[in-house]
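Two complexes, one shared chain (chain A), two partners (chain B, chain C).
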Partner chain A sequence: MSVSAIRRLILTGLLIAIGIALSIANPTFLTMDNLMTLLQEASLTGIVAIGFTLILITAGIDMSIGAVIAITSMICVNFISHTQLPAYIYIPIALAGGCAIGAINGFFITYFKLPEFIVTLATRGILAGLALIIAVKDEQGFVQNVFIEDEVFLSLGETVGPVYIVTIVFIVLAIATQFFMKRTRAGTNIYAAGANPTAARLSGINVDRTLIGTYMFSGFCAALASIFLAARMMTAMPEFGIGSELDVIASVVIGGTPFTGGVGDIWGTIIGTLFIALIKNGILKLGLSPYIQPIVIGGIIIVTVVLDVWYKHHAEKKATLAARRKAMQKEVAA
Partner chain B sequence: MSANSKNDLLLECRGIDKNYNGPQVLDGVDFSLRRGEIHALVGENGAGKSTLIKIVTGITNRNGGTIVFEGHEIPVEHSKIASEKLGIAVIYQELSLIHGMTVAQNIFLTKEPLLAGLPFIDIRKMNEMAQAMIDKYGFDLRATDIIDRLPIAQRQTVEILKALSNKASLMIMDEPTSSLTATESERLFKIIRMLKAEGITVVYISHRMEEVYDLSDRVTVLRDGKLVSVLEGEEITPAEIIRLMIGRELTEDESHHKMVKKEGDVVLEVRNLCSEGKLNDVSFKVRKGEVLGFGGLVGSGRTELMRAIYGIDPFDSGEINYLGKPYSPTVEKSIASGYGFVPEERRLQGIMGGISITGNVGIANLDSIASPAGFVSSSKELERAQEAISILNIKPPNPDHLVGNLSGGNQQKVVVGKWLIRDLKLLIVDEPTVGVDIGAKEEMYQTIDRLSKEGVAILVVSSDLPELTRLSDRIIVLRKGRIIKEFTEGVVTEEEVLRAASGIVEGGAK
Partner chain C sequence: MAKAKWMVTAAALFGLACGAASAQTVKIGYLPSTVGQALTQAWKTGIENTLKGQQNVSFQALDAQMKAEIQVTMMDDFINQGYNAIILQPIDAAALTASVKKAEGKGIPVITLNTDTKLPHAAVVTMDDEGAGYMVGQEIGKALNGKGNVAILQSPPGAQAGVEREKGFRAAMAKLYPDIKIVGAQNAAWNKDKAIEIMNSFLQVNKQLDAVFAVNDNMAEGAMIAAESAGRLGQIKIWGFNGQKSTLALIEQGKITGTAYTNAYDQGATAAKVALDLLSGAKKKGSKTEVITVPPFAATKDTVAQIKPEQRW
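For the complex of A and B:
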């Protein structure tokens, strides 16, 4: 069995075990309401995590995702407050905004060969500031929480049957992205660009274009999550999404996509997202302080990465020794 | 004969010139390839083989001369991708494959078969096509194997398949057997002969004379950037190739110093050192003031031996005695007890390019320039740097100069200088003059000579045979991790060393 399959099995086992433990500890855990809310939480993080998975596969990083969520919700609020445009016009505009931010990130990373971390950290700062500046203000100049009354917009926060729309969108996007990555040339190019950019270039892949496309997709995913977040909260705040990088990165890393590039897939990210959402929900259901959530998640990231590195080192050592022994035996036989 | 007629030439290079802003690397070289031949390109390090290949494949541009491939003139401004489209493929040793992907994905990267009328990859068809190619050549591979889990030899096969799928008519293999075992090499030779049977031309670059001798239809010998000779058929013998490669008059001119037996105390003794897959029962002694040279081909275990002695890599069994006492090396201990180490890859392992000469020298001498509390004294650091600059004549003599901006020779001096200002007892130098100009080379030799006169025991690894014979008081030749020959007295010729390294040893020990 492959490493990633073992990993998934262990994670799924853990998910179920934690789920059982929680339903024993607190009977309100295993209610339809709570499970659907948990899935809704997971879906909001998960949509961003899908884009982030692709970024990690290219061996990059996108620190701007949280700020994209903030600015997108502010763009929507401004359209709602200052224009009469219908939702099906300004939502696509807001999504295009997310793509454009990704394109800018990608442009600086590829054209000027700047480190991904620096570029996206800079755009994060700029966007977080812009979100505050364009936020709707009251007469004294304080940021005003606008209550969204646009029904079309709010309908995005509702359910189909018991399932939230955002969960359905998450699942569809996950399947489509997984298929794209595994079954199209463009998807293959993303893996190749991450695993070995020089080899990819020599094979005729336009690595720069591939990277820009990936950052655009990441921006798109963050913008999409922002719209569902605002629809669910029925309001938008300029601090939306700021700090959500922690959950997103944790979900992707636990799902088995390493920072080294060339490896990873969406299935792992889905499981990772569910895992993080379950832990956060569990902390609340156990009556613990929500302030320990980031501490626990930070701890989980460290433990996962340590285990990964340790296992990889171990496996490599075993493999090289085995290969050498085999080669030597053959030599002797010959 | 028709085989000699112009129409049968696949590639014809005439009068190729190349200089990298300075020394002439290639000087009017002619190089031609016939269709469906196996053509070996040989020469010592620095003879210009790699540069010639880089020009043919479009990685670098030539300064003069013409290249005609398949009847078409290739322009000076050429690119790797353009040359691949023409059908020129290079099989790299360390490799242009994408990790994490399957064999089939790698072979068909960017030209994956699609489902009819859809933009989706037809994975089944891709695997079938790949498997069909694999089966056709009888390779021991599966289309769905992940690249990472394959041994080097099989990855090489995948590279060859990738080139075949690009309809390559010329395949260039640069030292393809350097990391293969004997059986794997045999298998590769079979593949090369199969390619030949298909009408594909193979250019084969190797230091291993017996391979060149077995495989080649023709051999082009380069020396110092010039074409020496093209051998064909009966003319190809290992001895003749080696004679042409070296080319110089092998007399006792002053640069060939006579090896002498040194009688000083033993500084380092290595007994039965073994390391799985790298070193096999290596034993030797080096005495005070002795320069012990290590010859051998790339991959013969010389660098691995030095790393083990210095304490970078652990070894499986064997003993090391240092200054008469049993010693189990770690880098920290080695530095503290008078070792110096000048590593093989200067840029990667020797220097910190973005830091000044002072900083580079200081880092190996922190013990003597820092106070017990750990604060570095910048005046002492500067003193040390100036000492190193003046001993080694580093240019420019400015301690604040960034090492990355120095010439190769001066960078190497900084690496050596780090150790010189210590109480040095044993200096290990691995390929001391690669990428260094001739003037700096001579200075490096003088430094090594002087240190040995001062009583430092020195281990020199070099693939540059004149250098090895020039410096050494004794030469040990390694082959496949074993000591295969030791030259102790009198004058040793480059030819003798090369013969031993290639496994052509009197008495037939092979």
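For the complex of A and C:
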């Protein structure tokens, strides 16, 4: 069995085990309401994590996702408070804004050959500041968090049956992205660009364009999550999403997409997101201090990464041994 | 067959667990913006003291870590866990409205502290932020004889309580003391360290600075530290807001001029009392939010002795 299949099995097993433990510890855990809220939480992180998975596959990183969430929500409330435009016009504009930010990130990374971390950290700062500047102000100039009353917009925070719309969107987006990555040439290009950019370039792949496209997609995902977040909270705040990077990175890394690029997929990310959401929900259910939350999440990242490295090393060793044995057998036969 | 048996056992266990949980204990949740502040701790003590004498009341506090998203998640958790009443200090008025609406929709009364939300709910127990800000404005104006330079240490943008305080203060300045100039206003994020940093820049830029209004006591203490190390504490009147224990002590020492004191124990206790009355049926929920205002008190070197030790938090 491959490394990723085994770790996925282990994770799924853990997921179920923790779920059972929690439902014994606190009977409210297994209620429909709680499970749906858990999925809603997971989906908000998950949508961003899908974009981030692709970024990690290219061996890059996008630190601007949190700030994209902030600025997108600010764009939306500006439309809501200063124009009469309907939601189905300004939402696509806001999403396009997310793509544009991604394009700018991608441009600086590819054209000037700058490190991804530096570029996206810089855009993060710029966007966080811009979000405060364009925030809606009251007559005395104080930032005012607008209470959104646009019904079409708010309906995005509602449910279909018991399931939140954001969860449905997350699932659809995840399936589409997985299909795109595994079944289309553009998807293969992303893997190739991450595994070995020089080889990819030599075999005729336009690596720069692939990278820019990936950052645009990451911006799009963050913007999409922002809209659902604003619809859920019925408002937008200039500090929305800032600091949410840890959860996103944790979800993707736990899902088995390493920082080294070239490997990873969306299924892993889905499991990783569920895992993080479950841990967070569980900490509240057990009445533990929420301060423990980042410690637990940080700890899980370390443990999974260590296990990954250890298992990979182990598997490689085994493969070399097997190859050597085969060669020896051949020699003996000869 | 074995499987069926297992399922029956599991179902029975589950039913038992549910039954045990609903055995008439009333669960009250407390969700402040953060638990790490004197004010929110004092509220908690006030709430706990009121609930202590009650039977079958369980109490749980969570920490929203100053992030509205986290607070919304925690509200959801209180709702899903079937809490009977929630005492909430919204980090943001607009951002928590949806959560409060959801809770009230499920028949869970929500009592807010200091920051009201945008839709009607059970009650809000609040300091009179704007009125108290006005009061501080009057005190500073009087002390400066209507002339001089003042600076403001602000709360983060969007924090309603801080904004109201500042509005009240500015209204007093504009109306009563038009000759007093507001030479600077910067966000020190409720935070002492940040306040020191900003106060230092105020001191460097303004050779003459006569008074500072910090919209909470932590920031007033920060301003004091900065002014003291610059050797200008004697020339600057510093006013805070809330009246926490440490600040009252500094007022007694003459290092901080004054603060708008509110009895936070009382405020927490009132909120808990409202929750209990609503749950027992002694009080009926109206169609509008019931507003309970806790009056402010101008604590200065002359008046601070009137605040008894057991009223200090």
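Keep in mind that, in the parts below, the second predicted complex is superposed on the first by the 326 of 334 C-alpha atoms of A that agree within 3 Å, B and C clash if a C-alpha of one lies under 4 Å from a C-alpha of the other, contacts with A are read in each partner's own complex, and residues count from 1 in each chain.
Basically, a contact is a pair of C-beta atoms (placed from the backbone, for glycine too) under 8 Å apart; a residue touches a chain by one contact, two chains touch by 3 or more.
Source: prediction; values computed, not measured.
After superposition on chain A, the partners chain B and chain C are accommodated together without colliding.
In the superposition on chain A, A:Leu321 makes contact with chain B only, while chain C stays out of contact range.
Shared-chain residue A:Ile205: touches chain B; no touch with chain C.
When both complexes are overlaid on chain A, the residue A:Thr188 reaches chain B alone and has no touch with chain C. Set against each other, chain B and chain C touch different numbers of residues in chain A, with C touching more. When both complexes are overlaid on chain A, the residue A:Gly125 reaches neither chain B nor chain C. Think of it this way: put the two complexes on top of each other by chain A, and the tightest Cα contact between chain B and chain C is 34 Å.
The touching residues of chain B, counted against chain A in their complex, run 80-81, 84, 95-101, 105, 109-110, 112, 114, 119-121, 123, 149, 151, 181-184, 186, 276-277. Residues 179, 182-185, 188-189, 191-192, 195-196, 198-200, 202-205, 262-263, 319, 321, 323-325, 327-328, 330-331, 334 of chain A are the ones that touch chain B when the two sit in their complex. Within the complex formed with chain C, the residues of chain A that make contact are 23-24, 26-28, 30-31, 33-34, 37, 41, 132, 135, 140, 142-148, 157, 229, 232-235, 237-241, 243-244, 280-281, 284-285, 287, 289-291. Those residues of chain C that touch chain A in the complex are listed here as 14, 17-18, 21, 60, 62-65, 67-70, 72-74, 76-77, 79-82, 92-95, 97-99, 118, 156-158, 163, 166-167, 170.
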